[in-house]
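Which chain is which? They are A, B, C, D and E, in the order written, and residues in each are numbered from 1.
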Amino acid sequence: MEPISAPPIDLISLAPVLVLAVFGMMVLITDLFIGKDKSVLVFISLTGLLMTTISSLAKYNLPVYSFNGAYVVDHLSVFFTFIFCISSALAILISVDYNKREGINVGEYYSLILFCTLGMVLLASSTDMIMIFLGIEIISISLYILAGIQRKNTKSNEAALKYFLLGAFATGFLLYGMTLIYGSTGTTKLAIIAKVIGENKILSEPLMLMGVVLLIIGFGFKVAAVPFHMWAPDVYQGAPTPVTAFMAVGPKAASLAAFYRIMSETMPELSYSWETLLCVVSVLSMFIGNLGAIMQSNIKRLLAFSSVSHVGYLLIAIIAKNSLSSSSLMFYMLAYAFMVFGTFGIVILLGRKGEENLELENYSGLAYKHPVIALTMTIFLLSLGGLPPLAGFVAKFFIFSAALKEGYVILVIIAVLNSAISFYYYLRVIVFMYMKEPIKEFHISLTPMTLLVIAISAFGTVQLGIFPDPIIALAQAN
Amino acid sequence: MNIETVPLTHYLFLSATLFVIGVTGVLVKRNAIVVFMSIEIMLNAVNISLIAFDRYLNLHDGQIFSFMVMCVAAAEVSVGLAIIISLFRNKPTTNLDDFNIMKS
Amino acid sequence: MLLKLTALIPLYPLIGCLINGFFGLRIGKNTVGLVAAGSVGLSFLTTLIVFFGLVMTPAEERVFEQVLFTWFAAGDFTAEFGFQVDPLSMTMMLFVTGVGFLIHVYSIGYMHEEYSFYRFFTYMNLFMFSMLLLIMGNNFLLMFIGWEGVGCCSYFLIGYYFEKKSACDAGTKAFVMNRVGDFAFLLAVMYIFNIFGSIDFTTVFHAAPEKLIYNSEAVTTITMLLFIGACGKSAQIPLYTWLPDAMEGPTPVSALIHAATMVTAGVYMVVRCNAIFALAPITMSTVAFVGAGTAIFAATIGMAQYDIKRVLAYSTVSQIGYMFMAVGVGAYTAAIFHMVTHAFFKACLFLGSGSVIHGLHGEQDMRKMGALKNHMPITFVTFFISTLAIAGIFPLSGFFSKDEILYHALMDGNVILWGMGITGALLTAFYMFRLVFMTFFGESRIDPHVHPHESPKIMTMPLVILAGLAFFGGILGIPIFHGWHILHNWLEPVFHFDLASALEHSAHMLHEQGKHAPSWSHLLATEEGHNIWIEIALMLLSLSIAVAGIFAAYMCYIKKPHLPDSLTKGQWGYDLVKNKYEVDELYDDYIVKPTVEASHLLWKECDAKGIDGTVNGTAKILGWISKQAQSFQSGFVRNYALFMVVGFIGLLIFSI
Amino acid sequence: MYLTFLTFLPLLGAILLTLIPRDEVGAIKQTALAFAVTDFVLSVFLWTNFDLTTHEMQFEYSVPWITSWGINYHVGLDGISLLLYVMTTFLTMISIIASWGVTKYIREYMIAFLALSTGMLGVFISLDMFLFYFFWEFQLVPMYIIIGVWGGPRRVYAAVKFFLYTAVGSLLMLVAIIWIYKAIEEQTGVATTDLIFITENLELPLAPQKWLFLAFFLAFAIKVPMFPFHTWLPDAHVQAPTAGSVILAGVLLKMGTYGFLRFNLPLFPHASYEFMPMIAWLSIIGIVYGALVSLVQEDLKKLVAYSSVSHLGFVMIGIFALNHYGIQGALIQNINHGISTGALFLLVGMIYDRRHTREIKEFGGLAKVMPKYTVCFMIIALSSIGLPGMNGFVGEFLILLGVFQNSGMWAACATSGVIFAACYILWMFQRVMFQKLDNPKNENLPDMNTRELITIIPLIVLVFWIGLYPKPFMKTFDATVEHLLVKVNPDNFRPVKPGSSHSKHAKLIKIEDIARLNHQ
Amino acid sequence: MELLIFYPLAGICILFALGVVINNSPISSAISLIAMMLCLAGVFILQQAHFIAILQIIIYAGAIMVLFMFVIMLLNLKGKGEDDKWQSRDRNVLLNVLSGLLAAGILYKLISIINEAKFNSPALTSENFGTVREVGTILFTEFVLPFEVASILLLVAMIGAVVLAKSKVD
């Protein structure tokens, strides 16, 4: 019996993952030795994320493939790692005060966020379907737990259950899709799949196409695209607010990155089959997302639908599949991270224990009591709507240029019309803040960490809107 | 060995049938645990396909894949059942139709 | 040298207007009156000086242009702010400032009791300024400033008693009807620019024969549009109804604006454009017939009115009709002549009526007058002279001017026109004397509480002067002896038009366009000599017609006061005439009301429900869809899973 | 740099205002006013230093902004924008004076106004399409807030409608901008949104020109607003506070017409020619329709708002006359409308302040108690209906003259607007100012005070200045229009009919030729 | 041989799978599921995937299903019928029928696609195919990363189970 020779392992490529794993476990272990005050864990986690960011920059001469082409460090993955770290850091910061307030006093919370980040990094860097599948699962399972982490809260439980059941259901489809693709190409490695498609050696095209459809379902669920978005509003509403914010950004970004890899990079030749489908999904996401948001009175649900519509825009980048689409995806996600965390930060700020003030009426007259907060909220909302001079606008401009470059005029027109619809409900929030009289006292506890998140987000939103050049340059540096 | 083999497609038929049964289970059952079981059927169905393709292609990737699927299934089950338990503590039922606090 | 003063002429009233407008309330009534009348007086004096300047220049060079600055320009379009003085505008300026001055003086007395005395004079001075711009402008657009300016002032002055709804209505009506005319005028100006590349009078009229084809569509359109403009301003059919209503204004206003000056602006404009009108025979006959028609039409209405000012108003409409008739037959001099004499006697009549009203403390109904000749002798005498003049009794001014028009109408070969004219003359004599008889003769029907009295000197003086002018005005145009017609000689250079060469140009241009020029030789037939005997015969005829009219009036209103009643009772024709042919009602029913209703409909149905409804409807539909989408969001996991599966199938369908 | 400074000065003021405590009402107002006045005074220097002989951009300033995309911060003024720029600073100043009586959240109000001013100024100077869009959308927010917070009872509806209407249009413009951005890159290899570069280099076939034209058209037509995109305007105007209406009418609507001149004509000359009849008819409908609907309005502000639709119809048809007269007329009419309608809104605002109603039937006979007010109102009303000698006439006449060059029919239809204008303005005037003072509430209304006179008198001076001597104003855009016309002259696109020429100049020459032949 | 075993096994599989869906009691469903999984292990063996077959029995039929049973017992869910709380029975039946139809549609589509796929060539397998050794070698060389990552996944799941299910709420 000859021994199994250990394969070469590229630890430097894997550094961010390792750092995250180590810090995740460190959090777990430290948690055992500390009391009720979990601020040390926050510190450790943030350090971990910082280290992750640094370690992700360790590789030069991108892209670097390792593990037989199952793992890649390239521009996309580095940039997305950056986004993940930012979003996770913001999520952790935003959670500190919220967790204290709502009594989510578990150390595992932070390690789960770190592990989830790990999953995202993996997902963004994987070029093997097995790895992609595992990445998705790490993210999903962490999120199921995070959504339900407020154990005493029925809403949180319910959110976790719904998310879990539907997520597992979607996993089934995703898996089946991957299987079919494996069956018809004979490999799970994206690079080889691309080669097989390029050389037209697919074993069975119908199965392949079926596989693609199933993949779209799986990913569609993960990014909450219509018609697989139904979970989003309920889960967003039920999950603890920081988790909601986290869920809306990082995991979505990771899934999109992987989706982009599979669709735009691996099978552009098959675009005749998935392009229309993605267009349909994108258009539906925009419409249903925006129309759904119109009627909401709960701000978290509203933002959930809004995030559904944003997925619609993001899918356009994938459909465009040109040189601009990956960079536009990156830029959009970064901008989106700031906008979402900013918004949710303010949502958290307005809440009190047991009384989260999530209804729009609770925002009435905010501008008169707390003008700065109202103004910041306005900035975030308008940026989400895509109004210059804010980040959301530049991001949309980016994606639309990518799509128009390929001639998707109608799609872009639908997208801009949807932006107009979206203004309606963003404006509604502003209407409440500025144009209604306060119905009750505001008890805003200006907790420093949350304020820090809001400040960072506001800065990011404005900065990316007015001076986006460095980030654009970074995103486009292919 | 000149064994008459079952054609690949038949395995795939089996896989597809089980998958669809799983889907149906998710759609019609109301007990969370049974729904979850149906999902397990779907995963199993996928495993059949993977292994069938494996033999057909003379590769082992599919087996690795199905191994991972099992891992994932295990992980999901532990988390999923934990969720159900924690839910059950707040509301002693597993009937999915009882959970609709959040809706539009 | 003297001509250089031209620019000052309109400036004085403007200054007067500004002073009164800004400080009128503080400087006291006397000063206001002084400033107002004085500024017009200064204008008049300056006009006289300029007049002498013009007289001293040789007849061929009697066109003086003074360009102050370029008003505005775009591309090759330039509108100058400049004045043109030639015999025609000089004539107008003289009588406008002259009569204007007298009326200003009169107004000081008439308006003395008014609280907003200064306001009145501000408007009056502004009017003088606008009127002078209208007359003196050296291009169409500057004329248009005056043109609209006088309309606007007329609006202010008609609505002077703004608390009376009828006055406001009348003002608005006048403005809007004028605007209809202005609309046409503007279009004409644009058309003219389109063809000539200029709106300067000199350039345009000079180039007219070269650039316009005789009797072509273009020239007919331009002239028709100009004529519609003139109709608006000069109250001709169909745009005449504002003028009688305009009597809501103070009487001096009626005298100045609605009799002597502004309403004749239309005639002036057409005469000014004679070089273009000469090329448009169709328009010319239209002008003539509209004029003649208006003359009779208004006269008939005038016969049945009881409001003293309204009778005069219809008489004005009718007289201006005469002027248009004259213009239409190419008798420009006659038109101007009649305009001048009309200014004298009609101003006198209006001021006289004002004096009567003043004396009766505001009573305007003739049925409540009578036998006033004893109470107000000066007013009576002047009024009577003017009435004789308008009726055309030899040797008063009206006799000469009206006769000249009738003569030209007949000489033009159009017996119908002449017939209409002579009928008009008969009616004029009748209704004017009806007015005189009802007011000054017969029994007194005055309200016993009212004690009629003669007006103060400041009012009667202008009356006397105007009556004198009405009496002697005829010498301006004594027709019988060739060369005695001063006005004709004076205006000759303005009306000089070489039809022959114009026709030649037209033929060339038609040829250039590949068309055949019709034979125009008959147009160039040499005019017959001035047949003095025909003229004398006509004079006698019209004189007798006038006398007949007077006699009829005498019969009806002095001799047998009940005759009119018995004659008219139950006659639908009379009712029709009395109700002014119900033209106002027609306009109201068929234009005003439908417009307002249509507007309502547009607003409520089209705008609110149609367009805005579409917009809001879209929003509503989106909202509805949104609601429907919400119903899927039931909160049940199984439904969500079902939806996913449906989505899956949907995607499958799409992928096929 | 100067231009940038001027543009951002109000924003600077807005930022400064945030530092002043909320209770110091006086200081807030004075600071805001000081900034507005400074901005206006300094902007006048732009005018005096403007070189009238060139069509080139002046006071240009360009720095790279988003280098990766070839987007620059490029600003400059030419004849088309100069007056609008100065008018914006001017009206901002007037509006701030007119807002002296605002009591609710005065600091935020002033901040919004100053921010709005920066946004509007930015629109007029942007020479980069991205930058233009940036400012174009930016100014929406303060206006939205101004309507929504300080507006009338239905302010929220109006504000949202205003915002959404504009957003819908401008988002399609965004698509067009990106499309052009892409096209210019394909054509020249230069990825840029620089307007000057694009104007000079973009060559498009007719079909895409048409589509792009329509995209821009929608954005600008909504802003103008042209029939049938006008229904946001009455609502916005009626609900906005007085100063908001002034700015809305005076500046915001001009951004639409400005857009046509800056984008549609030079970028898509052929499409402009092709769409000329459509726009002409829409404008004519707008003119007549606006006037007719004004006629029956019961709310003064609504009446003025609808009259704006009518007036802007003139401006639009003037622009699309595509000749000197029309475009110059439209440009001056832009200014005129800003002055006249702005002043009308101020005046309506004044009686609203006194009576808290704008219903026409609530008034009547005001001339008796408010003579100064009546005189001012009369002058502005007459200027609004285009009485010669006042500002409105110059513009309207030139516009109509321009239109007449294309079609007498259009000119005739458009001119009919002047009749209706007289109807609605005079009828309204009569019902408000004249007749008996029969409502006892009106008996003791105070006449205009000094502050109100200060806001109105400069406008009245302008009314007569432009009406009688518009040369200083019109000179500013001579060269620019000349240059623009080289590109959009209809003669470039008219099919040449053999044997006959419709051009006026050709006709003139022909006649001269005949004359010469005759002499030989 | 394979034929003889496969078809009955497949049939039983499907029957048990249906049993999961049709049974009203969760316990019966669970038992059906276990039976189905065992049959599947048989199917895997038929395909020479011995390693997976073993895992199927150990992990699925063993660990996972035990967990299921355990939870069902814990929650005392035995025999609890599916009462229609949500909607009327008719509506529910309607939905179920709809679900069934949709599922049938999907099945039809899948089968027709697989039919179209035309995998005709016979399976060629090497001697060592599917042995633990073969699979293990690949698992620890080529797929070492997924293998390691799977550990993290299980760690996360473990944390999750602890966090969510621990009874003491602090």
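Here is the rule we go by: contacts are C-beta pairs under 8 Å (C-beta built on N, C-alpha and C of every residue); 3 or more make two chains touch, one makes a residue touch a chain.
Small disclaimer: the values here were computed from a predicted structure and weren't measured.
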{"item": "Required minimum of steps from subunit A to subunit E, each step between chains that touch", "value": "1"}
{"item": "Distance-maximising chain from subunit C - centres being C-alpha averages", "value": "E"}
{"item": "Centre-most chain [mean C-alpha coordinates]", "value": "D"}
{"item": "By count of C-beta pairs in contact, the leading pair of chains", "value": "B-E"}
{"item": "Subunit A and subunit D, separation of their C-alpha mean positions in angstrom", "value": "44"}
{"item": "Subunit C and subunit D: spacing of chain centres that average the CA atoms, whole Å", "value": "37"}
{"item": "Centroid distance [mean C-alpha coordinates] between subunit C and subunit A, Å", "value": "79"}
{"item": "CA centroid of subunit C to CA centroid of subunit E, Å", "value": "101"}
{"item": "Contacts with two or more other chains, residues of subunit B listed in rising order", "value": "12, 19, 22-23, 26-28, 30, 35-36, 52, 56, 61, 64, 68, 72, 75-76, 79, 83-84, 86, 89, 96-97, 99-104"}
{"item": "Touching two or more other chains - residues of subunit D", "value": "none"}
{"item": "Where subunit C touches two or more other chains at once, by residue number", "value": "630, 633, 635-638, 641-642, 645-646, 648, 652"}
{"item": "Pairs of chains, among all present, that meet the touch criterion", "value": "A-B, A-C, A-D, A-E, B-C, B-E, C-D, C-E"}
{"item": "Contact set on subunit E toward subunit A in their complex", "value": "109-110, 113-114, 116-119, 133, 136-137, 140-146, 149-150, 152-153, 155-157, 159-160, 162-164, 169-170"}
{"item": "Footprint of subunit C on subunit B - complex, ascending", "value": "23, 26-28, 30, 35, 96-97, 99-104"}
{"item": "List of subunit E residues in touch with subunit B within their complex", "value": "1-3, 6-7, 10, 13-14, 17-18, 20-21, 26, 29-30, 33, 36-37, 40, 43-44, 46-49, 51-52, 55-56, 59-60, 63-64, 67-68, 71-72, 74-75, 77, 80, 82-86, 95-96, 99-100, 102-104, 106-107, 110-111, 114-115, 117, 119-120, 122-126, 129-130, 134-135, 138-139, 142-143, 146, 150, 153-154, 156-158, 160-165, 167"}
{"item": "Residues on subunit A engaged by subunit C in the complex (per definition of touch)", "value": "161-162, 165-166, 169-170, 173, 209, 213-214, 216-217, 220-221, 226-228, 230-231, 233-234, 273, 276-277, 280-281, 288, 291-292, 294-295, 421, 424"}
{"item": "Footprint of subunit A on subunit B - complex, ascending", "value": "12, 19, 22-23, 26, 32, 35-36, 39, 42-43, 45-46, 49-50, 52-53, 56-57, 59, 61-62, 64-65, 68-69, 72, 75-76, 79-80, 83-84, 86-87, 89-91, 96, 99-104"}
